[in-house]
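Chain IDs A, B, C and D follow the sequence of writing; residue 1 opens each chain.
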């Protein structure tokens, strides 16, 4: 499995994502500069966290127009994997790859802490190594993670099992509707989440609960490509 | 011709405005009890060159829809003035 | 000369130099040095370079006494930041800086640009910034304006660090009336570097091009440096506020590190206080060269800027770079890749002149030595303040109705309470090397690719320094070292931020020089030389000075991440020990404590501090560190603000476990319990020992001759219980302690 | 009487506006090259009760200066309309 981690000028979790992919899957990951127009060689594209363009105007608003995003759109359309983490999730919603929008946290404060997430859907290509309903601990760090979608969108997200992660009971840090922390598109190949699984991949970092996200993707890809 | 667009971006009525709520509280604490509601949005001043006011209006609508607002949660209105130098 | 600028004669006759903060004597000295009367631009240049902020004219003679050498020191004070060897060809680069005055005017931007400035100091050296810390002082939270200043400063610090992607891993916050008018915001940055990559601020090599890189220059912060030294920030002109652009700084950082790595950079320096003026003068001074710069080539954001304004602007996110001649294109290419400007504005000369050209020719021409080496040095008079000799012996006895209640109250005083409200606004984990995030004694960040890690801390206690400047200064260093040691790290070196009131007052200057003396002594004992630092004077408003508040930033090394130790209790039935002398703790009494401040604020400044012995402190720290390295210790936490019970409560809350503590055979009558529980005598550490290693620990600790006392053991039952022979003295559920401790700051702020 | 104040808050001209700068760049990249400058500020709608328009104007000035803006770096202007229900 080949992974591309997109690097916008203000990305800052790009190297962390590379490290996490290498550490958890043993497969290589490349940093890909935002001016790149082709991602054909890659199986998984990670849009990492950070402040792509200083997050001026709205988080992710400017990044979605950068050249590489056309390639990310293509990649997604072909059914290949796209994972947006934090700022990456914001960019994917701005780009229309995922429904809804991320508003300022209700507290109006940036919030950074490790908290509980409930795996709502463990049947996706990204989460099948988790148990459904399991609570895992993953760090968050964002100022605009307050997920919003209108009634109709919410209903269809629920109906199609597209809500993949919710903040555990009482731990919603930002006011997201329905405690939503991560969603997947209807085709099941684009996942966006505010928490940072790449920050939970070793005992030293305080949690290893992020590992299984990456290993889930790897085995999904291997199964689909008939590799061991 | 040079124009200035004064654009107001606000959250749609159906979207909660925590900032507005916080400011309302703060105003009450400062003894502005007669304030009943505050909504907070963005204000942008954009200077641009265009052949005509019609063309400029078109351009401003374009940039509002493409970049300056997120239609999932926001709406906008603007006023265009010609800049005479 | 630009239109409307005062003439040379007017500068003199109308004493315009006074508005810039120059004295008559300083003006006369300038005339003598350059052999003529300075014009308006030259006067402005002199005024900023000779300001307290840039010239350190009051503090220089005092700073010279700091120990700055050691086998580990690769770069001491004098560069943009100090550098310390951590082995294997790598080094750690760090410095602390104040942004107090700008914060008082515009807390969000003031704090944010303070962070931006200190980050530039680190990557200027060629180092990759890996961690940020801060040290904050505000007035009490029951005041609306204090809450505004505190809330916005914290948001500004987070806003900058979070965006640029450097984790903010630690710091401290203290609330006291003395800081209401003069809040303190000190920011520290730590970077890592390969020793071969070190860059310096030298403008050498005749003909080498001088470039301005990064943001465009605007009228921001003109005279910020003088303003930083001015008495009342509120009177200061409003245009002096700078706005930070962390996104721009991120680009600038990446571009500069890429540029330095090419090896074609001769010298590089960030533009901090006094912008182009101080960066160019300092770079020329270090190299003994001259510089000629055409300010019309400097990219500008605003129209009609004069030479004066361009030279003095403090627009953020800019650097001055000297490249090897003919290699400019390397800079152009790299900066273009990052979407930034790099512009040649002049070149290095050998005539020792700082020469500024504008449309009309020479706007200023001053010998660099006159600006830098000849900057005034003051030997300010000082006088021991009378209050010091009127302090009463520290009281041991205190009437306390209910120790449990008193502990809850102490835990909910904002200075002691959990700072989670603060550090939850900081991204502490970006870079995925933060192994101990905020919330323990010191933060720990890994050194990528090795088993090593750095432990980082900032510490200071203004009230203690006020009560005993020399001892208080030494205690600040000791506390910083102790916080590193309990984390498992060996202290390496110090950066210091010296925040004081008006140095023209004899007693303030006494506090300054005497506490610096204490810092020096302690740094010698701990073998932690001072490698960088910053001085902030004139923290005074309406005649009231802040407490003398030296803040110590200290960095320690863990040779192996396996030694990382945190303060939270780990397992039931593990024994708890106190390292240090319990009787001395009792005898030390309540002088200088948070307890007095909380329960008898009118007496908070009446008493002497508990005794402090540097040699004893060092011995206890050495023993603690060795015990950790020998694998005896499950958790360790020093006794500081709030005293012994607060330290125990913090360990309990973090671990979610309780403890049974039995204090027998001590003279524990009403007359000594308060000081045992709440006194702040230094040199004490609580350790949780692995149950199966208790015997080995005891055998070993006895051999070292370290005072120690078994306090009791950790319990699964989350209750903190303290008893004596006479029965239970205190019993409190850890949950209720936790609520008091965690709820206090949010209750004020949300 | 009930009023609505529509308040525009902008950075003073001499103060750097990093957001505006970033948005200008983005608009250029999106082929709105004719845009020469963008400044971004805040827009607030405040509803309040007051005896008269004069009194309401006074109140709005008060809250702008006390809370809604930081006069060190920002300036504001507003428009007051009576709300007839």
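Assume a contact is a pair of C-beta atoms (placed from the backbone, for glycine too) under 8 Å apart; a residue touches a chain by one contact, two chains touch by 3 or more.
Predicted model, so just to flag it, every value in this text is computed and none were measured.
Chemist: Tell me which has more C-beta contacts between its two chains, A-B or A-D.
Modeler: A-B
Chemist: How many angstrom between the C-alpha centroids of chain B and chain A?
Modeler: 31
Chemist: I'd like to verify one number: the distance from the centre of chain A to the centre of chain C, where each centre is the average of its C-alpha atoms, in whole angstrom.
Modeler: Distance between chain centres, rounded to whole Å: 36 Å.
Chemist: I'd like the Å distance between the centres of chain B and chain D, where a centre is the mean of that chain's Cα atoms.
Modeler: It comes to 9 Å between the two C-alpha centres.
Chemist: Two or more other chains touching the same residue: where does that happen in chain B?
Modeler: 67-68
Chemist: Pull out every residue in chain A that's touching 2 or more other chains.
Modeler: Expected reply: 53-54, 56-57, 61-62, 65, 107.
Chemist: What residues in chain C touch two or more of the other chains?
Modeler: Residues 245, 247-248, 339.
Chemist: When you draw the chains as points and link the ones that touch, which shape shows up: line, ring, star, complete, or other?
Modeler: Topology of touching chains reads as other, fitting no named class.
Chemist: Mind pulling up the chain B residues that touch chain A in the complex?
Modeler: Those residues of chain B that touch chain A are 14-16, 18-19, 22, 67-68, 70, 72-73.
Chemist: Which of the residues in chain A end up touching chain B in this complex?
Modeler: 57-58, 61-62, 65, 93-94, 100-101, 103-108, 148-150, 175
Chemist: Can you check the complex and tell me which residues of chain A touch chain C?
Modeler: Listed in rising order, the residues are 9-13, 15-16, 19-20, 49-51, 53-56, 107, 109-113, 139, 141, 143, 196, 198-199, 201, 204-206.
Chemist: Which positions of chain B touch chain D when the two form their complex?
Modeler: By the definition above, chain B touches chain D via 2, 6, 8-10, 20, 23, 26-27, 30, 32, 34-50, 59, 62-63, 66-68.
Chemist: Flag every residue of chain C that touches chain D in the complex, lowest number first.
Modeler: Residues in contact with chain D: 105-106, 109, 215, 218-220, 238-239, 241-245, 247-248, 301-302, 315-316, 339.
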